[in-house]
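In what follows, subunit A forms one complex with subunit B and a second complex with subunit C.
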Partner chain A sequence: MATALAQRFPPPEFTETGHQMPTLTGFPSRALAWDYVDVVVLFVALALAAWLVLRRRSRRGVIALSIFSLLYFGFWRKGCVCSIGSMQNITQALFDSAYAVPLTVLAFGVLPLVFALFFGRVFCAAVCPHGAFQDLMLLRPLHTPTWLEHGLRLLAYVYLGLAAIFAATGGGYIICQYDPFIALFRLSGSLTMILLGVGFLAASLFIGRPYCRFLCPYGVLLGLAAAVARWRPSITPSACTQCSRCEDFCPFNAINISTPKPAPLQPPSPMAQKIRLTVLLLLIPIFVGLGLWLGDAAGAALARKHRVVNLAERVHLETSGTVQGTTEASEAFHAAGTPQEKLFGEAHTLRERYVRAGRLGGIWVGLVVGIKLLTLGFRRKRERYETDAEHCLACARCFEFCPQDQKWKQILAQAPHPVHAADATK
Partner chain B sequence: MKEEQKQLFHPIVVAVTSIAALFILALGGLLLWNQARGKVPMLVNSVELKNLHEELRHHPKDEALKLQIRRLDFQLRQALFARLQLSRNATRALAVGVFIFLVGAHFSRVTRLQRPAPRRRPRHTHESETRKHRIASLVLLGVFAGVAIAALLLSRNPVQLPPRGAATPTAVAVPDFPTPEEIRQNWPSFRGPNGAGIAKTANIPLTWDAKTGQNIRWKTAIPLHGMSSPIIWGNRVFLTGANAQSNCVFSFAADTGQLLWTSNITIPGGVRAPAPRLGDDTSLAAPTPVTDGRRIYAIFPNGEIAAFDFAGKQIWARNIGPLENSYGYAASLAIYQDYLFIQIDRGAPEDGQSKMLALDTQTGQERWEKPRAVNGSWSSPTMIEVNGQPQLLTAAAPLLIAYNPLDGTELWQLKCLESDVAPTPIFAAGMVVTIAPNTAIYGVRPGAANFAWKIEDGVPEATSPISDGQRAYIISNEGLLNCCDLQTGKRIWQHEIEGQFYASPSIAGNALIVLDRAGTAHVLALGDKFEERGQGSIGEECGASPVPHGNRLYLRGKEHLFCIEAAQK
Partner chain C sequence: MNRRNFINGVARVAALLGLGGLAARLLQHAQVAHTVWQIDPWKCTYCGKCATECVLELSAVKCVQFYDICGYCDFCTGYFEPQPNKLSTGAENQLCPTGAIVRKFIEDPYYEYTINEPLCIGCAKCVKGCTLFGNGSFHLQIKHDRCVNCNECSIAKACPANAIHRIPSNKPYLFKTREGKPS
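Our next item is the complex of A and B:
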């Protein structure tokens, strides 16, 4: 892959040590055609995942595709472009008219969402290298208590809000900066990021996909799309016997159990239900207001991540004598001789932008908390065990452990002509 | 898989998996330890290397020390690359170990004789589910509270930046610039006060000769080559010189010619930008420095600009970016109050590379910047005063532009120039005289829609015009000296002088000094007829403009700085 490069300047001669300068090499830029190949591979992998999960109901097929995705999108493509990060490009393009998002990046961002709208989170099932890595590591899943699961899931919504704020304001792509698996895919990175990646993988041995469930901001979007999906993975191809094996073996707490019946002597009072509904509905604007207030307060602080604001604050602290010494950035600024007023003016503009974005982010988090409380207060009635469309990662484990599925597979294996399990259930 | 096969394979798979796990732990630990030790810092932070570098600063010519540094640097680099290689190999081995562990772990589950049974869990009841959801709601609120606390902690102690438009401490410093009278008494910039080239009260000898020493007060070798002209403030003469390694300002005692100090520009924390490659006709120190009597300001073609105090101490320095153009950067600096002006004309108008830049003389910080839709030029900006209004006059094809020096607002412009403009325009008695090389000499009234007059004969390439207030004198590079009426452009006389002329002429009292390339100056009478009053030679190639001041004339030769003054009898 390496190509010889021309020396711009004559290399030094190491006469004393006899050191021989190695030939200068570099890597050729990746041909654009390969980016299109990636998009095609992504599309085919998504289609294959949908077929494997919804038609073939094959856990083995999902594992095989996961291994391929991990190797191709993870180790071969070094985890970039990835769909998770691409949403930042799209967000930036929405807020910055000078930025044009590359078509391939757009495709990586949109295709999994489109598939999720129709087939559920098949991208998470076997196409996302991050998910595949964690899933393949899972050895002895520990059950995460439901209450903890609901609390931790909020973090992903907060992370999504933060990522959108930073992408929209030019503060950087934090999802990429703090991607725990990139350093592992590239076999190189800072110690912190390597440790973070190793930590997530170690956790993945016992906790099913911790990053996907509790942090992945793209997973939030996929979940919202999958919640209204036309075709979703169904645990059993026929009648649910309520054996609860799927619930036991789902490592992601993504099974909605059939609704237990209330004790006959204590039926829920309709009036109490109405009052609770009203309270919970009223809580939504309250949380939205709280979020707005918090976002407003945090906006200026978040702006510090922007290099211009950071530099302006440093220069101001140096000029006012609050801090001693200089940083490399402030030294360069002083040497360039740019007027401080200009820097402070830019910093003010950026801070205002961050505050506006922070308010929106706060509203988003407040809204999510309000709606989550509402959904926790009122449960839908279910007659059978079902996948939680929003949080089901379509890993196909529940199929494997469903006795009805096993039974159908045996019948199909003995059938004279090929029949799909999904067809058989009709 | 059959039971017998499971019995056979299970212990093997478990053993392999366990070994892989131990291998991962050991190698992972080793890698982390190696990573924690740091890699590049071992080279950058080597105390021994730092000490040696420090020692080299005190003994810059110690070859043995240099060799020692190189050897140590080489050893450190070898160690660094060996550690990097080790890290790479270990990472690969670790990846293989993880793979074996994962495959082994999964197979160990497959080969297990007993399939895992579903967990025993309490039966879901309406009450238990309701309780769970209540707890979940509380946890959700707890996480939200955590996020809220984090947001509030983040927003603590914000740095209050100065409000928009507020002056910074450096900007509110007390104005520190010379009075017009101070300027008139000195020769602070290229072609002196207002760029006119005139020292009204000067009284210089009519003849001199460097060979015989006649009327040569002193002659001092210039340490570095340059084409810039001398500037004078009080009893000091300042010059610039440069080579590929140094950009220097020299200070000489005006009375004795003694070199008082040499200061080399040092960009704080920066690497020196390479000097552009230039032909023999120019130099790396073509722009003339400027002084306000407080500091001396000098600019060089590699983009470095700096201010020095009168003791030679650098006050500020910065690099304003590349100034390369086809013949080398030559525009001298101009000054007004505490504004320092740099004319940067490069490329074609559509390239968008040309601009006018104003810096704060005290800090070097940018005051304003204005783009210029002009070609590359070698002309210098000039401060003039039109009806009491200060104007910064610039010339570059196709535009003659005047700016408000305080904010860079364009006051007027006239499209009349073409070609590579090198001559600097002058302003005298309400008339700007500007030159489009090899094309025409124009008389322009400031703000007028068209030029007042135009001469197409004897147009110079490089020399600037001069005026005594009634007449304009223009000498072409080939020596054709035109004298014309300043207001009408009507020719008064024309005379051809033998020689090549690159230096712009000067006026000392009532004498016009034109200096040829060979170093011979012709002292002519100002007036309606040509009259040569005397001649002097410094015997050295000369391209810088003559600088009359008091009873003296300062000339920069290729190698020496000369001070000419009538010998005391």
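Our next item is the complex of A and C:
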């Protein structure tokens, strides 16, 4: 059904000149071919990154690919859509049946995770333009104290939880809104976002990839996938001499040191270990409960950020006479003539969804904190220096600093047949 | 194979199956492969934010003229200031801050108005004039040769009327028609 004719003035009849109304032209569709090209480039770049890190063990290759990714995905394709943001589209598609995720966005979300399950975080190494930008800026890394490193890493889990809450409830894509580099890729944007981007880049001069390590929500998922990866970079191609150079030079605190021999401290008795394990296990439900309680309150507060809830509150205040005047949004609402009950109903449903999502988010954060403490409480025995699979960004720096690796590369360079460094380890 | 490798292998297979299941579920649901952002001209309240909130230096939003519903008025309320000195093309009489509307005499009393797109900044001043007092043939649309299709449209985020949504990319424009607002 259509409402009454929109026209106040009747369409003209050109009786004298017989003028023909122009037909509408100049309505181009979006060039979609590029979206598919992006997926192909992403796949090739991921495969290349895996080969460069695991087979060639080449830091130079990683740098070259990083520059390409920064230029292509960053400055040429303007950073949209990226894998980090695609998690929100996927989350929204799971919770909102009216939203269907585009195929290319799904590919951007899933491909790096699949690669991480096999080869570790090769996406972070040289494919993600955000990571590449910060990595190429790194001039003089400062050592982050371990306690600070572990504490700050938790921020990314919280950020992931928040982004999921907002995406699932239709409250917007906060990862995209607060993406520090997108304004630089586009060479336009609000002053705040440009300053934020420049700030992150300035920090990257001395802190290795601050966004990747402490904030990136997609990095959390990649880390979890990489923790069980099929192949992972081994720092040395032959015997580890425990020189600790790799650990000293890793800018991301992503190397697990070998267990010192002899042990500097008396190892705790089995009884003490059992008690510690029990305490740490009991702490998990406490953290989860705490998270649930905080998430409940946070959900209600976050709901007010949603446009519908916000508008409903405003309209309610206006009709009850508590506030005078209108906002642009409430004016638009009054002009549209939607019944208030409908708006209030929607706002109520949304608020309930936010509280539910907030509780889930709280449980997630509580679990993460609990499990983090549990894993920090126990150290695995290691024979050699190893990459921390979850947090290693596969930048290939440690190979360069490993004297054994350099020795092998020299020997291989003189070998009659071309051999890959990776083959030498077999 | 040690215990750790076995557990990792199981976790890996589980993760792959999970990702596969997720993809399968979303693909089954996906009816449209692509979406683009567009303004619903019936919801637009011509607030002017389209000109300023777009991430592009010059907004991807442009005014378009739907000749079909235009009244070809001599005193076009989208073209002229509320109380013009004279119904002439003098800059002081025009509503458009960039002079992006071309007024052409056809026959008495009809004039044709055309948007000179490169000059248009998407400020919606003409849309407001035309919609409030005329037929509403001027309205804003996101031009897809300019739009970079951000994952989160920053104009949509700022729009007070919630008039910007994702629509299927095979039908990327929302035009008004003579029949009026669809219910």
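Operating definition for what follows: the second predicted complex is superposed on the first by the 385 of 426 C-alpha atoms of A that agree within 3 Å, B and C clash if a C-alpha of one lies under 4 Å from a C-alpha of the other, contacts with A are read in each partner's own complex, and residues count from 1 in each chain.
What we mean here is this: a contact is a pair of C-beta atoms (placed from the backbone, for glycine too) under 8 Å apart; a residue touches a chain by one contact, two chains touch by 3 or more.
Just so you know, these numbers come straight off a predicted model, no measurement behind them.
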item: Contacts of A:19 with subunit B and subunit C, given as first, second, both or neither; value: both
item: Subunit B versus subunit C as contact partner of A:399, first or second or both or neither; value: neither
item: First, second, both or neither for A:331, with subunit B first and subunit C second; value: both
item: First, second, both or neither for A:244, with subunit B first and subunit C second; value: first
item: Contacts of A:133 with subunit B and subunit C, given as first, second, both or neither; value: neither
item: Partner chain(s) touched by A:81 [first = subunit B, second = subunit C, both, neither]; value: second
item: Touched partner set for A:181, first subunit B, second subunit C, both or neither; value: neither
item: First, second, both or neither for A:347, with subunit B first and subunit C second; value: first
item: Touched partner set for A:385, first subunit B, second subunit C, both or neither; value: neither
item: Those residues of subunit A which subunit B touches in one complex and subunit C touches in the other; value: 14, 16-17, 19, 188, 328, 331-332, 335-336
item: Complex interface listing, subunit C residues touching subunit A; value: 7-9, 11-12, 15-16, 19, 22-23, 25-27, 29-36, 43, 45, 47, 55-57, 64, 66-73, 106-108, 110, 112, 114, 117, 133-136, 141, 143-145, 147-152, 154, 157, 160-162, 166, 169-170, 172-173, 175-176, 178-183
item: Contacting residues of subunit A [partner subunit C, same complex]; value: 1-12, 14-17, 19, 21-22, 24, 26-30, 32, 35, 78, 80-82, 85-86, 88-90, 93-94, 97, 99-106, 110, 113-114, 117, 172-173, 176-177, 182-183, 186, 188-189, 225, 227-230, 307, 327-329, 331-332, 335-336
item: Residues of subunit A defined as touching subunit B within the complex; value: 14, 16-17, 19, 136-137, 139, 143, 146-152, 154-155, 158, 187-188, 191, 194-195, 198, 243-245, 248-249, 257, 259-263, 287, 290, 294-295, 297-298, 300-302, 312-313, 316-317, 319-320, 328, 331-332, 334-342, 344-345, 347-348, 351, 362, 365, 369, 372-373, 376-377, 379
item: Subunit A partner contacts - residues on subunit B that touch it in the complex; value: 28, 32, 35-36, 67, 70-71, 74, 88, 91-92, 95, 102, 105-106, 109, 118-119, 121, 124-129, 132-144, 147-148, 151-152, 154-155, 158-159, 161-171, 267-270, 316-320, 359-360, 363-367
